[in-house]
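Shared between the two complexes below is chain A, which pairs with chain B and chain C, respectively.
Let's turn to the complex of A and B:
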């Protein structure tokens, strides 16, 4: 791997020393792990569908200026909004509502000031990109919900990138749910046309009976690269419901690493990806059933237009002791023409015998018969296609419990369909 | 509720007591241990090969030296020491036998013990009216007997060992050898190219429907001998052939390496049906010994409207690494893959298929059934790829796994890569144990538990078993070791 790239990141990481109490050693450890493996290439099995070349050419710098970009409207009714500009928390632009009365929310640096030892709870990661996120630990939120507290409206975290060509933001959020607590987190990613890199990690510990709803809306700028990882650990009877919507960026990648550690937990990870010309969306889910009597479900729907590419690698592992596991996975992809591409690798790895695991995957184009049916009822073909795509993606949005947010996202999909260039022949 | 004790026992018996585990005393003619250019020259000289063949081998060997052993499969085995293997072993016979009577009686007796009727009059245990099966027996590395040659040659079919073909039909061999699996295709294929000792060559001329099913029984003997067969089957325009491959091996303590290459080529309107029952020594109950089986099988569907159907029943070998594939180049060509893989004790199987769709209106079907017992691991690994020029491709994939023990593993790793919007790709996979509902249903109708389990397991594999030729289906059923009571066929 390019020496200059490595040394570039090394000096960046060293430059961050002292910014977060207790984190220096963790950064060093993560960096040496990153250095040992370097950025993945096409030959790395987990990254075979993503083009990583830009990462090998040059080191993305750390953004050092705080721009004042315009903020987007909220997706729906929210309890609070936290804003990150170019990877740094902006207190001025954030609106805590009256959330502070119920739960503790602190920036990373403040959180570790009083309990430095807890830095070790941060997940270093094993892959190069997560390791680099840890090595560049700089900012993020620590959100702790006390036992029994349920927050009804979602909390929105908006990440805005502005005027940040060849620069990167490595953000880390930590979510901790006490027993029987419940919270919803919306992560949004937006940005301008500069060629920036967002590298975000969210880690969550969901304790007994607690419930975490997680919605990710990726609308990065047209030249952006987006990589993100969620590390979720589930205790007994807890629930994790995630919906990931990938719309923006030139190349995007989302990884969900969900571990069911104690009996009876439930994990749902769904996703929609729409790839227009030159875009590539790569989604990875690994649900690992370690304890018995747990269940998991994955529903992914992707659409690739001309020169667009969507990929999905979903893995379900069931450990030897995880008897009575129920796991299901469904991936469906639409491709609009011969320049579009859809890849899937739905993987099962099962070591227990009393389980029921299944996966299904389909790739195809919109059903001619369905289009014919709609047009025969007086609907023009364009609208018919939009309706079918809306119905196709709706399955993956179903688990969003907030109607206004679900509607806003369906709206995004409808708008995307209006701007399609490829017109598949009926 | 888990599978019944009896079913478990039956599955365990399959590999536990290997009844074909005996070895035959025949003098062997060997190359020195290990691999070098000299050993390859030795093999080539022994086989009296033309110089182009030797060059071809050496080219493969030089490529192999630069390659790395693949490690992406879900397989764990000690590193193979290629310098501790005899790459050539042939039964000592000065002159090639002219007829079966001249074949070493030891070998004939061995086949008899295995219940394989080599003699013509014993074809299919003398069942009247049964299809005739031609047997090209491979004893370690050299074909020792070929039957039915006359009848086949009347039809114009060439069915002989590949070393004979190299001498008798050098142009045909030169034209097709290595066109489907090139020398540097993968590590084990390159090794095979360098040291292959024998194998089968089949050529079906234009418009000929092969009058009988062709069959080769492979057998590995002699300690520490890797066997490297090379099979090449060419089906000319409008021809049809059904080829059976079956294997058993004597019980040995040391691991034996096996790296075969099978190449199939179909021209316009041709069809090849390739069936395998693989029952090599899987190692003992503690995972000691057993065959390492690294096979590259690939079909090139060159002509339009051609068809290749792979059917395999895999019950043997300690390690199986095998992906019979189809390159669907001709328009309207059809590829099929039907597989049953049973693993037990410490066996590991990583098997599946690749369907590469290049031609228009091509279709493929993949049905894979994995049954894991004991402490074994069974992996399905497959690829369905649709290139952008391949319009109206259709693929249906189903891979199901059945777990018989809580200490075994079942894995599914399918890849789907599509670049044409008119493709219709469907993939389904399930992993489960025998469902209580099914058991209950059967029992409510008066079947006892064992019968019910047998019936369900039969049903689980039926989709694949029914694609085997009759002669093989019987053997395969025995291998599955489940009391069938005639419900599956």
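Let's turn to the complex of A and C:
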């Protein structure tokens, strides 16, 4: 690993010492962990499809200027909106609604001050990229929903990057759901054309009977790289329903690490990725069934245009005691021509004997017969392709319970198809 | 309406249509009969514009225009409809959304405003009722899980909605029960006007009892080898291809 890169991050991390009370030790520990591992390369099985070369060449700096970029419209009806500009929480731009009456939400730094003793258990993550996120800890939200409280409308967290070439934002959100609480979190990522890095982690503890809905919409700028990790721990009878939509960036990577710790929990992790020319989207899911009677489901649909690439690695592990586990996984990829790429690697590791697991992966092209059928009814070929892609991706959006948001996302997919067909293709 | 002259068509490098000539005038109904593999569906798909069917020689003129200059969806805009021998299943696309997009595509091509969802619903319900179709089928995915006969009825519904000038119906009668055959035939007859033409492709004289053709053609090995009136179909049914041609 490049010494200059390491020392670059080291001085950044040291520079942050004292900025968050009680976090210095955690930072140091995370940094030595990062240093020991270094950024992953293609040789690591988990990262074989991700092009990490840019991380080995230079250390992304910390963004230090506040910008006033334009904010996107809300995706749908929301209970509150939190805005992070270049990785820093913006109180001015955020709108808490009347959420504060029901739940506790505060910037990570404040939370640390009052909970110093919990610092170590609060922050998880052991892979190099998450460790770097911890070593660079600056901002994030801590969202605690008290037992029994259900928030109907989703909470939107918008991450905006602006004028941040060769700079990075390491944001960390912590979600804690009390027993039988319910909340929906939409994370959005947008940015300008600068060559920035978004490195985002969300960790959640979903206690007994609670329900966390998680929607991620990644629309980073064309030159951005995006890495993200979700660490989810599920207690008895709880639910985690995640939909990840990857549209932007030149390289993006999403990792979901879900652990079912107590009986009867349910995890759904779905995703859609659309890769245009030169883009690559990599999605990883690891669902670990540790306790019995739990279920998990993964539905991923990806589309790669000419010179675009999508990858999926889905791992299901079932521990010896996790009897009566139900686990499904389905990955389907569309490639538009021979220069497009789709990779799939399902992995099952089952130690219990009374389980039902299934998985399937297919890669194909748009069905010519279907296109001809649609055009033979007067539908122009662009619209026909758009309809088929919408139909193809719909299944992976199905678990979004908010119709307006689902529609907005379908709209994004249609727009992607329109802009792609607007450029002439060989 | 349609003039086909010395048409040669290749599919996957093999010549399937080998010099076919046919003229259909406005108001006429023609039937093409022929052995399996004669090239009937190839002809129908060529008229509709399937792009892997290559016209190597000959011409197709439709309403005075060179049909081969038009893309498949433009041909529909110009008034051509193909009823498929094997309608395609499209999972994830609802029948209603499909038909509305189709109708509005054709309207747009002809400079008309898009039909509102409410008007469209009224229209499609009425047309479906005339074909004795279960309205639930409108909400289902296009042809997915439809029985053979239901698929053919769905084709007829699309024809009724698009109201073509020239309908090419490829074995629309196959897979239909007796009642369905009568209903579908009524649908076809409703489409027969002084200014419209129909080209029926069929193996059975039975359909021609309901939809009486003005001309019957026998197609063998990529060519029309014999033409006549309705009596030709009866003769075929009685004696078989070997003794008629």
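Please note the rule applied: the second predicted complex is superposed on the first by the 418 of 426 C-alpha atoms of A that agree within 3 Å, B and C clash if a C-alpha of one lies under 4 Å from a C-alpha of the other, contacts with A are read in each partner's own complex, and residues count from 1 in each chain.
We take it that a residue touches a chain if its C-beta (ideal position, glycine included) is under 8 Å from a C-beta of that chain, and two chains touch if they have at least 3 such contacts.
Computed from a predicted structure; not experimentally measured.
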item: Contacts of A:72 with chain B and chain C, given as first, second, both or neither; value: neither
item: Contacts of A:146 with chain B and chain C, given as first, second, both or neither; value: neither
item: Touching partner for A:278 - first (chain B), second (chain C), both, neither; value: neither
item: Touched partner set for A:369, first chain B, second chain C, both or neither; value: second
item: First, second, both or neither for A:411, with chain B first and chain C second; value: neither
item: Chain B versus chain C as contact partner of A:378, first or second or both or neither; value: second
item: Touching partner for A:15 - first (chain B), second (chain C), both, neither; value: neither
item: Touching partner for A:358 - first (chain B), second (chain C), both, neither; value: first
item: Where chain A meets both chain C and chain B, residue numbers; value: none
item: Residue numbers on chain B that touch chain A, as the complex places them; value: 2, 72, 386, 388-389, 401, 403-433
item: Partner chain C, residues of chain A touching it in the complex; value: 367-370, 372-381, 383-384, 387-388, 390-392, 394-395
item: Chain A to chain B touching residues, read off their complex; value: 45, 320, 323, 333-365, 424
item: Chain C - residues contacting chain A, complex; value: 48-52, 71-73, 76-77, 82, 84, 87-88, 90-93, 97-99, 101-103, 105-106, 109, 142, 158, 162
